[in-house]
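There are two complexes below, and they share chain A, which is joined by chain B in the first and by chain C in the second.
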Partner chain A sequence: MNRQKSSARFRFTAASMLLACLIFLVPALRDGNPTLFLLAALLPCVMFLCDTVVARMFSLDRMITALILWLCAAGIAAYAPSDPDATLAQALRCGSALIALTAGGIMIRSLSPSLLTSACTAFLGLLLLAGKLLSPAMSLPLTEAALALLLIAFAALLSRQGPVSALVLGAAALVLLLVRGEMTEAVLWSLAVLLLVYAADGRAVVVLPALAVVLLLFFGAFTLLPVQGFPQNPSSFSVLASAGAVGADPLPEGFAWPDSVSIFPLLAGSYGLLLSGMTALLFLPLTLRGTSVAASARTRFHAVLAMGVSLQLALRALAALISVFGFLPLSGLRLPFLTSSLPDLCAQGFIAGLLCGISGRNDADLAEDAHLAMLAK
Partner chain B sequence: MKQMRSRFRLITLLLVCAFLVVLVLCTGSVLKTNGVTISSLSSLPAVSGTASPEPAADVETPPAGDVPSAPSVIPSDETVFPETDSTPNPEYNIFGL
Partner chain C sequence: MFSVSPEIYSVLSLASRWLFAFFALMLLLFALAWHHSDRKERRDRFRNLPGAGTVGELVVLSGSDELPPDTWFPVPREGVLGSLRSCDLVVPCPGVRSQHLDFSWQDGTGLLIRPRIGCEVLVDGIPVSRHGTYADAPLLHGSLLQVGSAVLRLQLFAALSHTSRPFAPQAPVGSPVESGAWTPPVQDPNAAVQPWQIPPDQGYAPAPPPLSPPAAEPLPPAQPPLNRPQAPQRVKRADRWKEDWSE
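Here is the complex of A and B:
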């Protein structure tokens, strides 16, 4: 059985490497650009190394790692037909995200739901969120990094101290997001908080007041703060659809690049809605795997943290897809790992690393149980 | 922990349903943008050559057949005339045929 599993995994890895090679080899042969040839050779090797050696060495979840590698590869490939230099820059950014993923996987082993952990991560997260308010000149997008730290603090408080302290932290983060004017982030954060409180506690006496507090904060933000609706989506879906099923060369007019941070429209323009749709579908198995890791976790802290990470990734992906296809007039939403913002990529890699590490810990617990069962016999 | 796991499964189910709904909506949006509608999918290619006479024929024949249907919608309202003149068309238009 293990042999069959490993041979199937080997075939899947080999197929992934071949596909990754072809995605860069075809534009490389067409344009003759040495950078693309380099990427066609390097990218499959890096994918293979990360999915086999690194994942095994640091006990990371192979499936989640493979899915994230594929998303990063799609993001890199989006630039390949039009701008090879930007392709290399994106490849380096994704490399940083993978380092952050590994760091997250290592860090979760030593992370415990103590009061010190909660205090430190909560303080850092709130400081990063308040940083823009204290120093308006700061333009570095640190929201996702702050939310990653706050998620750890929230999970620690919810699992050890109870829902009240966790909700206080959640409300503080929500207030800062609303004051900063990041409405979409505020909505996603409040949804994640409410679902986590419901999952961890479930009592109506806790969930309903939490919902009331969230609604009150949003009402207060709309009433007291300067008029700040949701940012409008500048590009319409019709522009995206003009690329067709297999992409257009050159890119149709209206595609906002290279200044745009979101890569999904560029991916759709270069390779068509078919491939970009399949890339977006990768978030479904990622979510399913994340929630199954959460359900298999042995401790409340790991379970809540894993579910929080899965919710962050899933809700963000859903909101980004809805806004890209024009069902919501929102802007600034980017699919996880399909962004050219380095801080966001690293933050997403870090929280995915936490998820991978929790999965690795689950496997270690299962192995220990099997060992103990064998000894008991 | 057991109750928490069952709530996790419920949240997972909600997320999967949300993904499927978004998938259906996005696919529909893409098809609609490319001019693919339910009417174009349901009509056969051969019918498109004979489609034009059919409405004409139906326009000629409908009054007898469709007068009963028009009153069933709005009994005695003459403002329906623009529809009764092409009485079959609203019905066909409703169903996209």
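Here is the complex of A and C:
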């Protein structure tokens, strides 16, 4: 009798659901917190529903959806041992991110790389970036949302209008980021823009001037603007290592940052370096999947956009890991989906939804080809 | 709600943390395995559908030493034609710039050509400008595309060649048509081979298909006009599919 092998998808989904249940159940047994019991029962069900019904209904990429669901669950679980009351708020924020993910997946189906799309998204993105300069009292962190819109505009311009107009938009966004003093975001944005131009065009006459412009802008920012440098990060590798491989029950000294929106240090303190490290390493298959989606996209717009989203997520995760371990004096960076900032979570969910939607469209195109082939036979 | 004593909880907490780390490792491995199996499945599907994502092929009628005549390229739905190796269609001929033109397929219209700045393109002998009229002169089945010294003919897959514009063969500029040596084909050239008719292991080999001009078929004898209109003959659905998708 042949034994049916379970697929990797089934195993991943089952393991993530089981882990999401246990990771809330164990802290709930300590003092019988009803919120944690509720989450232990509810979260696996939500993960199952999103990974099966929602992903199928809106043609989203199941692997990306499952990975993001687990990252969100890990972010919620980080609060469970130390602050159970904060878990529900984080769960609601993650729910908003999932709604944004679905919206992104739906939107990319009807989004065309027209001049109108480029103009609207570029205007909105630049307006969000310039908003803080126009009204300094505004404290809402909208940088990631602005960069998501600018990425759509950049991909549309690069695929339809050529590299020059796209580079002008990229330089404008870079100037605004530098004027706002967000050096780390500026470095990540310029890296993503240069890599995308290199991937989409590849000509030295385009890439080298673009590199020169970026270097010139950074040089000008450091000389003309007041030196702000990179803000220091409160964490370091020694602090994180004090949590040990599997974490400590009362959080060690240095982990309680009430003003920090980054959840990764809290996750490392609560569950140790092993679980947090494995969770951070899940960005590797996420990036691989994103590049695979970009490589099999039918249109240049979708290819550039999918590669841009993958680059944004990968570069941000890498920079956040480097900064959180204190190897580079960077701060203000959070691992995607492991943050308690609602605008950031929604923006990350939205760009991940774009990736899911492009993947769903690739699958639909391939299924159509297979259907035609079947009819021809 | 239900809770356990602190002693039991401390043991349970320590054991569960190791269990969580093990599960997290499993998640990472399962995710990588999932990605690997999906890639393998996609590769197999592409192997069975070698023409997936393409609309036809461009056949070289006259090229250069690096691009001999009768070479053919699969044409994707969208891309860049130029002499650079990173282009979707690489045409290494004199007069072809590194990125000469953009092309994109539009259902019901044809293959739209958009030259880059300063690049000359002729579609069926008509110059195509970057702004304005490039959408009015799409490449259809059998259309000739001239870039630099290269002359290419587009052969669409049969399923995609049903466009509104009739096929009108044109002589390439500078061809012996002016001297009367070149005669346009009497009937449409054959549509490109359907991608699913290529054996899976063959793929798109550069072997050129025979491109001999089709012989003129004798015209059928003229029928006397009928006095009363005939009702259109109903075609079975299966026959319609046969017409649409078979050669």
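Just so it is clear, the second predicted complex is superposed on the first by the 363 of 377 C-alpha atoms of A that agree within 3 Å, B and C clash if a C-alpha of one lies under 4 Å from a C-alpha of the other, contacts with A are read in each partner's own complex, and residues count from 1 in each chain.
In the analysis below, contacts are C-beta pairs under 8 Å (C-beta built on N, C-alpha and C of every residue); 3 or more make two chains touch, one makes a residue touch a chain.
Computed from a prediction, not measured in an experiment: that's the story for all the values here.
Asks: Could you tell me if A:307 is touching chain B, chain C, both of them or neither one (first, second, both, neither)?
Replies: In the superposition, A:307 contacts chain B only.
Asks: Just checking: does A:34 make contact with chain B only, chain C only, both, or neither of them? Give me first, second, both or neither.
Replies: Touch status of A:34: second partner only.
Asks: May I ask you to decide whether A:318 touches chain B, chain C, both, or neither, giving the answer as first, second, both or neither?
Replies: first
Asks: As a test of reading the superposition: which chain, chain B or chain C, is in touch with more residues of chain A?
Replies: Higher number of touched chain A residues: C.
Asks: Which of the two partners, first being chain B and second being chain C, lies in contact with A:327: first, second, both, or neither?
Replies: Only chain B is touched by A:327; chain C is not.
Asks: Thinking of the overlay built on chain A, is A:203 touched by chain B (first), by chain C (second), by both, or by neither?
Replies: A:203: touches chain C, not chain B.
Asks: Does the superposition put A:288 against chain B (first), chain C (second), both, or neither?
Replies: In the superposed model, A:288 contacts both chain B and chain C.
Asks: Contact-wise, after the overlay, does A:364 reach chain B, chain C, both or neither (first, second, both, neither)?
Replies: The answer is neither, since A:364 touches no partner chain.
Asks: By the touch definition at the top of the document, which applies to A:67: first (chain B), second (chain C), both, or neither?
Replies: Second partner only.
Asks: Which holds for A:278: it touches chain B only (first), chain C only (second), both, or neither?
Replies: The second partner, chain C, only.
Asks: Which parts of chain A are in contact with chain B and also with chain C?
Replies: Residues 202, 281, 284, 288, 292, 300, which sit in both footprints.
Asks: Can you tell me which positions in chain C touch chain A when the two form their complex?
Replies: Chain C residues touching chain A: 1-4, 6, 9-10, 12-14, 16-21, 23-28, 30-39, 42, 45, 48-49, 51-53, 76-79, 84, 86, 98-99, 104, 116, 159, 194-197, 241, 245-246.
Asks: Over in the complex, which chain A residues touch chain C? Could you list them?
Replies: Interface residues on the chain A side: 7-9, 11-12, 15-16, 18-19, 22-23, 26, 28-34, 37, 63, 66-67, 70, 162, 201-203, 245-247, 249, 271-272, 274-275, 278-279, 281-282, 284-285, 288-289, 292, 296, 298-300, 365-366, 369-370, 372-373, 375-377.
Asks: Hey, which residues of chain B end up touching chain A in the complex?
Replies: Those residues of chain B that touch chain A are 1, 3-5, 7-9, 11-12, 15-16, 18-19, 22-23, 25-26, 29-30, 33-34.
Asks: Which of the residues in chain A end up touching chain B in this complex?
Replies: It is residues 195, 198-200, 202, 237-238, 241, 273, 277, 281, 283-284, 287-288, 291-292, 294-295, 300, 303, 307, 310-311, 314, 318, 321-322, 325-327 of chain A that touch chain B.
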